[in-house]
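For reference, the structures are reproduced in the following blocks.
The following pair of complexes shares a single chain, chain A, combined with chain B in the former and chain C in the latter.
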Partner chain A sequence: MAGSRAKDAKKLALILLFTPFALWITLLILLPHVGMMVLSLKEKVAPRVYEYGFDNYINFAQEPIYWNTLLRTGSVSLLVTLLALLIGFPVAYYIAKIAGNRTKGALFLLCLIPLWVSDLIRAFGWILLLRETGVISSALQASGLIDTPIEFLYNDATVIMGLVYTVVLFMIVPLVSTLDGMDNEMIEAGYNLGGNGFTVLRRIIIPYAMPGIVAGCIVVFMLSAGSYLTPILLGGKNSSWFTEQIYDQFISRYNWESGAAFGFVLLVFTSLVVWLGLKLSGQTLSSTVAKS
Partner chain B sequence: MSTTNPTHDLACTALSKSFGSVQAVDNVSFDIPPGSFFSILGPSGCGKTTLMRMIAGFENPDHGDIQIKGRSVIRIPPNKRNVKMVFQHLALFPMMNVYDNIAYGLRCVGASRKEIDQKIADVLERVALPDVAKREIHQLSGGQKQRIAIARCMVLNPDVLLLDEPLGALDLKLREAMKIELKLLQHQFNTTFVYITHDQSEALVMSDNVAVMNEGRFEQIGTPQALYHHPASAFVAGFVGDSNRWTGKVIDAGNNNVRLSCDAGFDAQSHTTDTITLSRGDNATVYVRPEHIQVDTQVNADNNNQTDATNALTGHIDSLLFNGANSRVLVRDKAGELIEADVTLTGSSHDPKPGDLVRLSWRSEQALCF
Partner chain C sequence: MLRHGYRLYIVLFFVFLAAPLIAAGLFAFNDSLFPVLPWRGFTLDWFFNDTEPKLGMFHDRRLLRGLYYSFVIASFVAMLSVFVGTCNAFLFVRHDFPAKNFFYILMVLPLVIPGVILGISILAMASNIANSVERSMGIDLELLRPGIFLVVLGQFSFITTITSLIITARLKKFDTTMEEAAYNLGASKARVLRTITLPFLRPAMIAGAIVAFLVSFENFNTTLFLVGSEAPLTITMYDRMVKVGSTPVLNAVSFFLMLGSALLALISVLVQRDNKS
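Coming up: the complex of A and B.
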């Protein structure tokens, strides 16, 4: 009797714990996507008359500007990922391996602080600094280095810098956690057996940190390719970011069917890039993201 | 600085290292002849790892010199020293298989593919694991990992192999087996092993020479027999092997003999070493090993039947620790303290039993006073 009641209680606890998660998955992720999927396959043939077909996708494929925007978004996001890795790795290595125990916590917290400010505010912060009448331009003028004000906004470099700034944190966190798990003995063994600094980095530290590197790269790439605010605000109207096209279809043209199709194209495209990246680096999702 | 002294594989002179106010290694000097098994034995925190890390080059000594095969290595970075190290947790690279783990060092010195294959096959043969080259590290047992860690170092032909408590992570049974195996491996490779441990039985079983370390200093260097039978300090006497000890005041001293009035309420006759000078009134401690105490069961309380032994006590057996030929009794004396003594149990009815009144005796030359 008592045994079965305990079992029941356990079951109940499991259900109670699991319910919010299941609700979240179905209501907020599964249902909207199914809805979008259905929507993207519809086509308006006359007011209030719809047909099912792949026309929305065919439209996308036939218009080079959409293609180009998608490829541009993909390649710039890859560049952002690479830069975030190049900047994030030394920072993560310092936090995990070089800093003392007490500084480690403080530095990690310092990294998290930008997250406390909303994306929008941060982007406007950049605008304040970089616009023609902004802080940097004025300062350069005042110091006499330049004669006329310079517009630092609305170019690719600024967009890339802004994106790296917003996503680099998501590179640092998984890297710190994998590097933290690496025994210092391993690095010393690398030197002891005759390796120099470069060998130890290439043959021991990077392979060991690979799961963290891949996890960070996936998250950063997805965030960057799916971001909207930063490219729009820092890149202006001609930033040619794919999310902008989606927004355009939904809001400006009020063509929800085509917007949904674009959304799916982006999803499939980014998934494909991630899959390709995993294949090329010889990693699997379960050995990287699931682990860290 | 660098004098050539080919009779030693490793020589340290007056090495010191402190971390802030902690003197981790304090004026340590020793030298190790080629091809021998040298152990550094000491309690946890006494500076063993620090000493080893200085030899490997991961710490810079504050003072002193380290010579390997007669050449000073103080200014040589870790990756250029021909001293290899088996780390406490082995530090095998988990993302490489056994072959790549062993090949790592060979690739660092630019060995050819053929040479690497040849050397790896050879070293795996020597550690008796010829078929594991393609295995992943996590597929190896604890003892196998141990041997791969040694193979990974030995394939590079080091002048000296350092081992930092490598058996610590193994379970008791495997540890016993690995003790013997390590000694055999050292013989086979004929390379100097410097072995760090806090476990005296490991040090005594395997070593040609043992240094006993305490609070950053070397208390004594000697063969296991010398340390056991002729400890040079109270610390060594207490740390190496089991001992009964009594503290007391010296009431008579001279000619390497001491008479001590013990706090436990009896007088003990003991000898001392030449290096220790005790005089009347000094506080001192006398050490007696359990195997030197004779246990007599035929005794009645008021009549101490005399033997040639100079020290004697009576007490009741508190408990019997049966362990075959190494059995031991715990005897509670009049002062209430427990004394350990080895006994030979024959299985007959004359064997001592808990509660028996016994007489414990030992000769003064088997007791040592500091």
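Coming up: the complex of A and C.
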């Protein structure tokens, strides 16, 4: 009898704990997305009269500006992901493997500092540095290197740099935690067996760090493709970022049906890229992002 | 040679990380109407002055109101997300149920959904419900129109994933023999939870609350679609930036926020260190 009572208590606890989880995921994640999908299949034919169909998606496909923006957002985000990996990996390796115990913690905390400051302030800081009347332009003028002010804002290179800046720490954090778990002896063994630095990196370190690399890449890609402030503030009005199109449809044109379709397109597109990345690297979502 | 090069790279990287933050903070103290060089001397006017054109942030009604709304929203989000995060931690660490892996992935999912999409999907659903209630019953559900309540829900929807991960990681390290010992000594379930398990989790719960508070305070993408007339600080600042252009009062706010974040970061480090020893 006591055993069955303990079992009942356990069952009750499970139900009590499952309720908030189920409410959260169903009401705030699943239902809104289903609703968004239904909304995107609606089309206004007259005031208050709607018909279901794929017209919003057909409109999207027929307007080159829209899908060009999507492709641009996707390809720039891939480039940002690659750059973040190339720039972040040496930093993560230094923190995890080379820095002494004391500097390690301090460097790791330093890496996290931008995380504690909002996107808006970071972009604002870059604007103050890079604009025509900004710090870098005036410093170059004062030093006599240039005669007229230079505008560093509103070009693709600046947008890419700004995005890498915003996302690079999301690459470094998972990399540090995977590299931290790696035994130094594995690297030494690689050298003892006659490998040079490059072979050790390619055959030992990178395969070991793969879950961290993939986790970092997924988060960085999603953050970059979903970002709104950085491309708009650093790229100006013509940054043509896809989230800007969604905002435009939703808020400026008040065309929620088409905005929902755009949102869904972005979601499917980014999920596809992530899925492809997982397939190519032989990882799964639970072995990478869910782990960290 | 290679070693020095490597070290130089690390130094340059941190200069890159710090540069825009220093620029954003430093110009708060420049005695000029615009945040540009040259340096015209040190001033605290952009914090405390009470007259135009150099209206300091502590006399700027709209900025202060934004700060207040941000604070209210972030507090609610932190409390709610730590509560649900703690439940989730117990659910996934202590219990077995069918399709557990699937549900765990569902729990992590909100973190990789773009914030803009979370915003529009919640906005669309809330408006949909509010519209049908209004049509069928003639009641206007003010709560489901853009405003503080929706902002809290929108931010809570993905911040809960963060708090769940933080608290789950801590609960996994818990040594269950401690609980068993207490049971053997005759303690009740509620008492063990209150005197042993929850105190063990406290550092993670505090750290989770701090992270949730900060992420909520900083959030822009999700908030943008759900905001009503009570705009939180990031939205107010963005409005000011777009309409007025950059003014040093924004630098003052930036400096103030960086100081606040640094303080909170310090607290969370201390709380976690305290527990290790």
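Here is the rule we go by: the second predicted complex is superposed on the first by the 268 of 292 C-alpha atoms of A that agree within 3 Å, B and C clash if a C-alpha of one lies under 4 Å from a C-alpha of the other, contacts with A are read in each partner's own complex, and residues count from 1 in each chain.
The working rule: a contact is a pair of C-beta atoms (placed from the backbone, for glycine too) under 8 Å apart; a residue touches a chain by one contact, two chains touch by 3 or more.
Predicted model, so just to flag it, every value in this text is computed and none were measured.
Novice: Report for A:196: first if it touches chain B alone, second if chain C alone, otherwise both or neither.
Specialist: first
Novice: Pick one for A:231: touches chain B only (first), chain C only (second), both, or neither.
Specialist: So A:231 meets neither chain B nor chain C here.
Novice: Regarding the shared-chain residue A:139, is it in contact with chain B (first), chain C (second), both, or neither?
Specialist: Touch partner of A:139: chain C, not chain B.
Novice: Touch check for A:185: first (chain B), second (chain C), both, or neither?
Specialist: first
Novice: Where does A:216 make contact in the superposed view: on chain B (first), on chain C (second), on both, or on neither?
Specialist: After superposition on chain A, A:216 lies in contact with neither partner.
Novice: Check whether chain B or chain C contacts more residues of chain A in the superposed model.
Specialist: Higher number of touched chain A residues: C.
Novice: Once the shared chain is lined up, is A:207 touching chain B (first), chain C (second), both, or neither of them?
Specialist: After superposing on A, A:207 lies in contact with chain B but is clear of chain C.
Novice: Using the superposition on chain A as set up above, list the residues of chain A that contact both chain B and chain C.
Specialist: none
Novice: Where on chain A does chain C make contact in their complex?
Specialist: 9-10, 13-14, 17-18, 20-21, 24-25, 28-29, 31-33, 35-36, 39, 87, 90-91, 94, 98, 107, 109-114, 116-129, 133-135, 138-139, 165, 218-219, 222, 225-229, 233, 243, 246-247, 250-251, 256, 259-260, 263, 266-267, 270, 274, 285-286, 289-290, 292
Novice: What residues of chain C sit close enough to touch chain A in their complex?
Specialist: 6, 9-10, 13-14, 16-24, 27, 34-38, 83-84, 87-88, 90-91, 95, 97, 101, 103-118, 120-125, 128, 153, 156-157, 160, 165, 189, 214, 217-218, 220-221, 224-225, 234, 237-238, 241, 246, 250-251, 254, 257-258, 261-262, 264-265, 269
Novice: For a test of understanding, state which residues of chain A touch chain B in their complex under the given definition.
Specialist: Residues 183, 185-186, 188-196, 199, 203-204, 207-208, 210.
Novice: Touching chain A in the complex: which residues of chain B?
Specialist: 56, 58, 77-80, 83-85, 87-89, 91, 93-96, 104-105, 108-109, 152-153, 156
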